[in-house]
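You will see chain A twice below: alongside chain B first, and alongside chain C after that.
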Partner chain A sequence: MAEKPIQGERKAFLTGNEVVAYAAVAGEADIMYGYPITPQNEIMHYWTRMAPKYGKRFLQTEDELSAGFTTLGGVLSGAKAFTATAGPGNTLMQEPMSMAEMMRIPAVFVIQQRGGPSTATVIYSQQEVTMTTYGGNGEGFRVVYSTATHQDLFDYTIKAFNTAWKYRFPTFVLGDGYQAKMRESVTIYDPQARGIELIKPTPYLGKPGSIGKDREVTHMRNTYNTEEELYEVVMSMAKEYDSVAPEIVEFDAREVDDAEIVIVSHGVVSRAALSAMLELRGAGYKVGYFRPVTLRPFPGDQLRKVADNAKRLLVVESALGQFNKLVQTNIYGSAATIDTIFKPGVGVTSEEIVAKIKATL
Partner chain B sequence: MSVAPRMPKCWREESKPHKFCPGCGHGLVLKALGEAIDELGIQDKVVFGADIGCSLLAWDFFNCDTVQTHHGRTTPVVTGVKRANPDLVCIAYMGDGGGYAIGSQHLFNAAARNERILAVLVNNTQYGMTGGQMAPTTLPGQKTETSPYGRDIEQAGYPTQGPEAVAAITQDGAYVARGTVANLRQLKGFLKKALENQMAGNGFSFVEALSTCPTNWRTNAAKTWEFVEKEMTKYFKVGEIKAPGQKKEA
Partner chain C sequence: MAKAVKIVLAGEGGQGVQSVAEILAEAANTEGREALYIPNFGVEQRGGVSVAYLQISDEAIGSPKFQKGDIVVALSERAVLRTQRYVDGNTTFVYDTSIEGIEDQLPKNAGRVLAIPAIEVSKEEFHPRVFNILIMGAVIGATGVVPLDRVKAAIEEKLGYKFQENPKLRELNFGALERGIDLVQKAQ
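Take a look at the complex of A and B:
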């Protein structure tokens, strides 16, 4: 059996789905469970080609409910398990995700957003933000990384396993159909060669040893009898989530100090936002750029400071305000005004952003 | 002084007396299952998945590692455990609503893939936990909260023949049986064979147990047993339905 898929590091020219599969292998994922849906299919295709070479496994399930719940089962037995989905599959997978939240099961989910509502398009959107951050009948006790580049896909897929297993919250890599299908250059690497320590998983169920002698029995539940009992559970989870959130939060802020308007965006749209900002700066406009990398937890304090300072934000997204809701909630009380470019299910170019800002400044 | 009946060794004393209603069949099925686990000496290797339904009350029933799941989703959770660690002995425990309605796609696909797990399905002809609604297994003419005039086969079809359906779609290697709480010795035998079948790596194992729900049936002890033994068996045939190599022997 081959030792490692990537020795040291190397440049490659790959699709995003291929990058995710490489990252999952490099990040020492043990097993993938999945159900076909565009635009995530090739994650499974590449994983199933590589997996046997490295002693890894795959199960194609009957639907996304099953893909999600088998993933949880894999984690419970101590495997680094993950799945990938999109759109209507993401909808179905909210049920297992809520169980992962409640039982602190560190499953990793890769979401390649497609158009919605319903079957819509298989192409692209940022319309799964609300669902991925706060879906299911829960309180959003999850970590969501929104990636913008193939390098992000590689880095954050590896990181997602570490975050999940370190904090024991389900963790998401939120990409989209453009990132999934597009080819671009990326540096793929063996994380250990870069000094990234990969957290070893441990089983929840079926630990070695004899019950009552070598180990305690494990009983895991998600059902509670009284309101008070549940309240305790949820509040202690909230407390823990809030206490680790500052360690998890990631964002990228540029040219915000003297900015009169700051473009706020996430994911692939932030690439257009970044080039718009650079172009406008070149032309003498005082424009800044803010990109939350984590949508859960959200870099709220950081963004509020930026908003208070600049007094104007331009929120840009490929959805009808899902990301903007996160922004508004998190800067509540700030006097900043918000302009928007909302293009549900459609890409955004830097030209549009430049034009909008020139028209408003 | 009365002597308490002997508990299976793998039962968890601290959670007894158990949480099921008096006269409920769940406790009996779990007694048979506990004895089978004891006889095979596999307590430390068992992962027990409890569905949502009255099955959820079994979340701390055994001194075996247990996970409570969602309604209908115990089959995939346990499948995921087994796929990642084939050394464990994995049991999915569910009601008839969990297995034949909301989780039927999981049950039948796990069967078709010959997953090396055991699914135990408690057939009490209705939804116990939610207060006695019609289930796929409700008998023709049987009154439930959502079939107050009796199950109308024109509208709701006939009771699901689960083990027969599973037997029809599984490959050789599968073990399928229907037992009853009216014959615990036989039920234990089926469960033990089913566990052995999993441990031998032969294939999917499925045991349906005809069970009682006096609370929602609103029956006394005599009527409860009469319903299981006389009414349910008109539609649900008790016995071994499929065992590895059976065809060749016949």
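Take a look at the complex of A and C:
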């Protein structure tokens, strides 16, 4: 097999989709399953270009339902498998994603959000937040990293594999069409050269040895006969999810201590929020910045403290309040007031945020 | 905080505005500056106005798209109409003189409006295919956002394999680039 795809580290100037493909190769994914949909197509294109050189494989399926299930099949067989999708593809993939929750299958899903509902635009949105965090017929036992930069895309795609295989909850890298298609600089690296240990996958089904003699039977269930039986399973999953959540939660808080208003945003919108905060601070306004990196689990305790302290939040997102629902649920009981900028399917600029804060402070 | 230089390039599909933005972004990146380039994209397979958004800065760049451009280049009638929204009092608006009867539809609020005969000059003095390189020259002439030698190096990086086969292409491209700078400076 060829040598490592990335030796040491180097600066690169890439589209976000290329970055994801590089990260999946560097993160030692074995196989990608996928079905084309804009704006994630080039993840598949670049993966298929690189994969054969490193003994990796690709399977194009007949739709996203199948791409999701084949990904889970690959994982069960012991491969580090992943898939990528967007918009209506994300909708279709909710069923395999729910199965991954129920059976504790550690798959990685990369989502490049596009406009919705339905086909809508192929361009951009943050309208897949509710679906990615709590989609399917389940309780949201998932890990969702919302990326903002190409560096995030690289870092968190690698991390997603480790998180998924360590905790056995399906793990999502939630990007968007802007991040997918734009070019900016990024440092790509060999994770091991940075001391990042990559978890090796093992087969969940079809393990070696005979049952009853060499090993126990493997029994992975997604169906239950009684309500009580299911209740026990779901509650024990909830308990486990809650117990590992503090280890998984990530966020970025800046200038919040003396802030009179804190801009709360996630993903690519947090770039505009950060620019706005820096500009307003430069002009003497006491503005803070809070960005959850994980939307599931959500940094609720951390945000509640910030909210209680500042007493005012400005929630900004490219959706009609999907992220704000997470914010409100998680800080329920806080006396902080919430202003909003909701722009479903449209980008947000720092100028808009600056203008809004100047008008309200 | 130093503001990013914001550039919008718009033209018909095939006029090469995306290549211009990509090469300028790469030139800035190799110079060690921050650059962010994003194309517009939709469901159309062909036709339609092609728009490229480019930002170059000394600091981390915020949102990928922006409200107003420092320089807005429109290379067709439809592009002139489409790009009005990116123009304000600080914008240099550049359009091609071959677009007929467009005078009434040029943005009234632009800081300045420059008409350059890029299509005509590229056809008569060079070759229609280096039209976009001439436009690239106009952008760097109007903004000074990336030094000429960096842009030449980025073009070399992109087209070097073609230049090796035919060194005259290098002359043609670099000639068009410098002529673009010249045109925009004369227009000012």
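One rule holds in what follows: the second predicted complex is superposed on the first by the 361 of 361 C-alpha atoms of A that agree within 3 Å, B and C clash if a C-alpha of one lies under 4 Å from a C-alpha of the other, contacts with A are read in each partner's own complex, and residues count from 1 in each chain.
Keep this in mind: contacts are C-beta pairs under 8 Å (C-beta built on N, C-alpha and C of every residue); 3 or more make two chains touch, one makes a residue touch a chain.
Model, not experiment: these values are computed from the prediction.
**Q** Output check: A:359 vs chain B and chain C. Expected answer is one of first, second, both, neither. What do you get?
**A** After superposition on chain A, A:359 lies in contact with neither partner.
**Q** Which partner chains sit in contact with A:206 here, chain B, chain C, both or neither? Use first/second/both/neither.
**A** In the superposition, A:206 contacts chain B only.
**Q** Is A:223 touching the first partner chain B, the second partner chain C, both, or neither of them?
**A** A:223: touches chain B, not chain C.
**Q** Report for A:335: first if it touches chain B alone, second if chain C alone, otherwise both or neither.
**A** A:335 sits against neither chain B nor chain C.
**Q** Just to be sure I read the superposition right, which of the two partners does A:274 touch: chain B = first, chain C = second, or both, or neither?
**A** second
**Q** Between chain B (first) and chain C (second), which does A:70 come into contact with in this model arrangement: first, second, both, or neither?
**A** After superposition on chain A, A:70 lies in contact with chain B alone.
**Q** In the overlay, answer first, second, both or neither for which of chain B and chain C A:349 touches.
**A** After superposition on chain A, A:349 lies in contact with chain C alone.
**Q** Please name the chain, chain B or chain C, that touches the greater number of residues in chain A.
**A** Comparing touch counts on chain A for chain B and chain C gives B.
**Q** Show me the residue ranges of chain B that touch chain A in the complex, using the header's touch definition.
**A** Against chain A, the touching part of chain B is residues 12, 43-45, 47, 52, 56, 59-60, 62-70, 73, 76-85, 87-88, 105-106, 109.
**Q** Where on chain A is chain C touching in the complex?
**A** Those in contact with chain C are residues 13, 38-39, 121-123, 177-179, 181-185, 268-269, 271-272, 274-276, 278-279, 282, 347-352.
**Q** Can you list the chain C residues touching chain A in their complex?
**A** Residues 1, 22, 25-26, 29, 34-43, 60-67.
**Q** Which positions of chain A touch chain B when the two form their complex?
**A** Against chain B, the touching part of chain A is residues 30-31, 33, 57, 59, 61-63, 65-66, 68-79, 81, 95-96, 99, 103, 203-207, 209-212, 217-223.
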